[in-house]
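We call the chains A, B, C, D and E, going by the order they appear; numbering starts again at 1 in every chain.
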Amino acid sequence: MDLGTVIGIVLIMALLLGAMSMGVGVGAYIDIPSVLIVVGGSMGALMISFKPSQMKKFTKIFMMAIKPTIEDEVELIKKLVDFATKARKDGILALESEVNNEENVFLKKGLSMAIDGSEPDTIRELLEIDAEQASVRHKAYGAIFNQWAGLAGAMGMVGTLIGLVAMLLNMADPSAIGPSMAVALLTTMYGAIIGNVFGTPIYNILATRNEDEMMVKQMILSGIMSIQSGDAPRVLEAKLLAYLAPENRVSQFD
Amino acid sequence: MDLGTVIGIVLIMALLLGAMSMGVGVGAYIDIPSVLIVVGGSMGALMISFKPSQMKKFTKIFMMAIKPTIEDEVELIKKLVDFATKARKDGILALESEVNNEENVFLKKGLSMAIDGSEPDTIRELLEIDAEQASVRHKAYGAIFNQWAGLAGAMGMVGTLIGLVAMLLNMADPSAIGPSMAVALLTTMYGAIIGNVFGTPIYNILATRNEDEMMVKQMILSGIMSIQSGDAPRVLEAKLLAYLAPENRVSQFD
Amino acid sequence: MDLGTVIGIVLIMALLLGAMSMGVGVGAYIDIPSVLIVVGGSMGALMISFKPSQMKKFTKIFMMAIKPTIEDEVELIKKLVDFATKARKDGILALESEVNNEENVFLKKGLSMAIDGSEPDTIRELLEIDAEQASVRHKAYGAIFNQWAGLAGAMGMVGTLIGLVAMLLNMADPSAIGPSMAVALLTTMYGAIIGNVFGTPIYNILATRNEDEMMVKQMILSGIMSIQSGDAPRVLEAKLLAYLAPENRVSQFD
Amino acid sequence: MDLGTVIGIVLIMALLLGAMSMGVGVGAYIDIPSVLIVVGGSMGALMISFKPSQMKKFTKIFMMAIKPTIEDEVELIKKLVDFATKARKDGILALESEVNNEENVFLKKGLSMAIDGSEPDTIRELLEIDAEQASVRHKAYGAIFNQWAGLAGAMGMVGTLIGLVAMLLNMADPSAIGPSMAVALLTTMYGAIIGNVFGTPIYNILATRNEDEMMVKQMILSGIMSIQSGDAPRVLEAKLLAYLAPENRVSQFD
Amino acid sequence: MDLGTVIGIVLIMALLLGAMSMGVGVGAYIDIPSVLIVVGGSMGALMISFKPSQMKKFTKIFMMAIKPTIEDEVELIKKLVDFATKARKDGILALESEVNNEENVFLKKGLSMAIDGSEPDTIRELLEIDAEQASVRHKAYGAIFNQWAGLAGAMGMVGTLIGLVAMLLNMADPSAIGPSMAVALLTTMYGAIIGNVFGTPIYNILATRNEDEMMVKQMILSGIMSIQSGDAPRVLEAKLLAYLAPENRVSQFD
């Protein structure tokens, strides 16, 4: 579980519930029909906006944002440099057992192709298509949450308008105006909370995770090309370390 | 009929009608002149914004969003690999009957050119123009719905302002203020519903469908180039499978 | 006169005037000082935003959006293919009389250069500069209408604020509050109408017209290059037809 | 002084002052503390947003937008073609005196390099860096005005909120509510005026001026390359005329 | 400490506090729960939006915006030209001691590689990866402040809605309405101040600093390539001076 996400959500919820309980109590802010309009309405609009095959992954993507699988880039560089050293000494075929135990499917696929003797251009083209299409898919998943932010806000406004119209047509009892208006405003509030606690932030973090993954894939592609062409492991390491922030650059050759 | 779209529209409508009927009844939310201002006004603005030849396709595009023709990418890869295998064994002319029965016009056109002996560069240029211009046309169709969202919202605001001015000039009878204001707000509500149920979501799904189609065309172009140059079917399949999500990659050679 | 534009403007105006006349009458919505603030103010802001040489073309561009000169692409392809056929049979010099009668200046210029024996690279570079700079100029003209939409809306808001302040300082007579506020809202309404009936829609259609023109110029450039290099007219036609939607592709060779 | 800018500013000011004086008089719209919050506050936010070296040029850029130095492109083409003719006849060294009297520093620099015998690639690289970095600096100056529009609007809103809170805490005297609210709204009005009369329009015109300058530099670069390689002046002129709108294309060879 | 930033923040704070103290006193604008909702809530949303490793740098980036390390570009050019002169006279190995004392890590790394005899293409690729990835990281840090602006504004709105609902449910005592509404508005005010004093301006300045750093790195890369290939120092200087504004271009050769 990503600590930042958990702390973030807990912090916001604690603050909002605290603010609500200070005034009229949390109960006054809960209205099931309003929740249904905003959550159900925005989900409905998302179902029109995206393919069923994309929407099916909604909760899976949500969990991935909260509990991401993170690649340790320092370890990855170490591994790629080790591979390059071994391949230079004993030939690329010597990497066969390493490939079989490799868990990163992208690295595994590229390296098996190299061992099988595929042309470098073929490996590069295939891995680039793979990385690019994965990024296209990930961006589409992120777009779901970005759209959710906008559509939840819009459905919140529609809900408030429905409530306002009802209130305006029922102004005989002045004491009912306040409470009616209060309920009408709840959908706008739900829309803003969904959009700014789940929609936009999860869109942001998914975009960052995708960029990280793309960088890792670029590093792997660079590594495989170097291993196949028999470059010096030292040069490969220098190139891969250039991807990292200066404080994370540790060479195994020093 | 795309299930997601249908469920989405039904869900939103049920929720909105439910919310309306809970208060003052659905009837209070229906006002024909207001509907005319928002729908007619935004349609009028779309007619200025786009060419008649584009607007004529409005309902056709709407239906395409709801009931899309979906290319099965796994089947497509199987077919292209089969073509490559046959062409490699019996020569490219052996594909003549397959081409005649082919339903995908893009694949059919490219493959006939290859069989007729056109230069690979000519085929590539022609198919790329074809794909790119189709994408330009599709994006323009999507833009209609994107603009609709904005223009319906704006016309809703204009309608509300017209209503507000009328109300402000008629405040002699205080009991009429509420209902007048309620009616004035209806156009804003209609604008928000049109924009966020039809405008933006349909724009989104059309953009996704266009990207899918572009990817399929890229795959076909890749396939035709490989078939013409006599690449190994195994290599072609590997390249095409790289376009798919890992869980959909099934090789016929395993 | 472009039918779509005319119907669009008439439709919107009829709906708005209808809505106004239903309540307090159209007269209540007309306030000359308010019109001056929004129209004059936004025009003033446009005069700061753009060069006098651009602003001078304001009405000309407006008329071009309403009454565009449309190139018939099917006819154009026919003509280019005819030119290619003639040039292949009788030499490129045989096109001299056709060039002299040609009305499309872009085609005329390119073809004369080809007949005069200019280098293909020179022709391509010159035509590309010509097309690109024309597009830059057209986009700048479109930007005038896009900015108009935003600035008219903003001037409408400024007008409403001026009116609101006046009203708030004059609340001694309660019966005057309604009418004062009504007048204050008129500038916002004018701003929204200008922006969403003239500003944004005309910006949209100008962008579409420019893209169409760019495509036609690309087709002409393609045609001239083919004619000069003596390509087969059939290949040229196939390439040019790829620019069109499938339903408009009619070959003269079938 | 650019006539368009002057007329634009005078027109807007006359309209706004006219509208103010029609109601409660211009004096009611002037509130020095409110002016200070919006102008001072937005300037403060600009000082955080940009480097001191950029902010120092604020008034200089403002004046450049109002009183631009305009390059006469027709004259420029004439000059470049004359240079090319002379260089072709008497050698490039014959341009020495022309270069010394040249006022356009970009042209002067490129031409001196050509006369000094620099490599064409060196000249092109250096001039391209020069043009690109000038454009980067100009865009940053434009961004100041674009940000000003947004920040003045935001500071106007902050000012209104400060005034509203004060008003809401002082509702004992009902007759004071109107005037307090009126004053509170003034900051929003100032923000909107600054943003839409100075911010956005000046950003627009600076962007146009920068594009014009970039085009002129492209033309000069094209000219210098042609002069150095001894191209025919007629071909150079044709290429340069292609940058202009058709109605401005006058050849000296006709 | 960057003077512009300090003056900017002090100026805004003085103006806002002055405006507050003129009416109901600064105390009326301070409400700790409201501060907590806006600051805590937006920080929580940022923690969901970004990786913990990015958020940890929040204050460090904030300080970097206020107190930037500025590279003196004129000095840098002087140094690079000196290096080029020395390398041309005594060979590139003569730069060893200069490299050891060099503080700019980017320059140091590139130059050591050149001295060690790495291939120019390897140096270029490595430095380009280094510069590009640094820019990606910096843009992500800037994005934190950009998102902060939006999320603080949104949390301000959520806070105001919570307050409004509480107020609307408690309208029995009319005298409490004003103060309740005043408190409700405070969160919106805090959100606008955070967004427009810290969020957007710091995002702006970080973007400018990153572009400056990228330009310096481009200049260094250009310099190292020239030094390694033994270009004339005069040509190198001319190329590097082209990056600067004309008024800052001072040649050591004049």
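To be clear about the criterion, contacts are C-beta pairs under 8 Å (C-beta built on N, C-alpha and C of every residue); 3 or more make two chains touch, one makes a residue touch a chain.
For clarity, every value in this text was computed on a predicted model and none was experimentally measured.
Shared contact partners of subunit B and subunit C do not exist in this assembly.
Subunit D and subunit E touch with mostly distinct residues; of the residue numbers seen at this interface, under half occur in both copies.
Chain centres here are Cα means. That of subunit B falls 40 Å from that of subunit E.
Under the contact definition stated at the top, not a single residue of subunit D touches 2 or more other chains. Only residues 33, 36-37, 40-41, 43-52, 54-55, 105, 113, 118, 122, 125-127, 129-130, 133-134, 136-137, 140, 143, 147, 150-151, 154-155, 157-159, 161-166, 168-171 of subunit C touch subunit D when the two sit together in their complex. Against subunit D, the residues of subunit E that register as touching in their complex are 2-5, 7-12, 15-16, 18-20, 22-24, 28-29, 65, 175, 178-179, 181-182, 185-186, 188-189, 192-193, 195-197, 200-202, 204-205, 208, 211, 215, 235, 238-239, 242-246.
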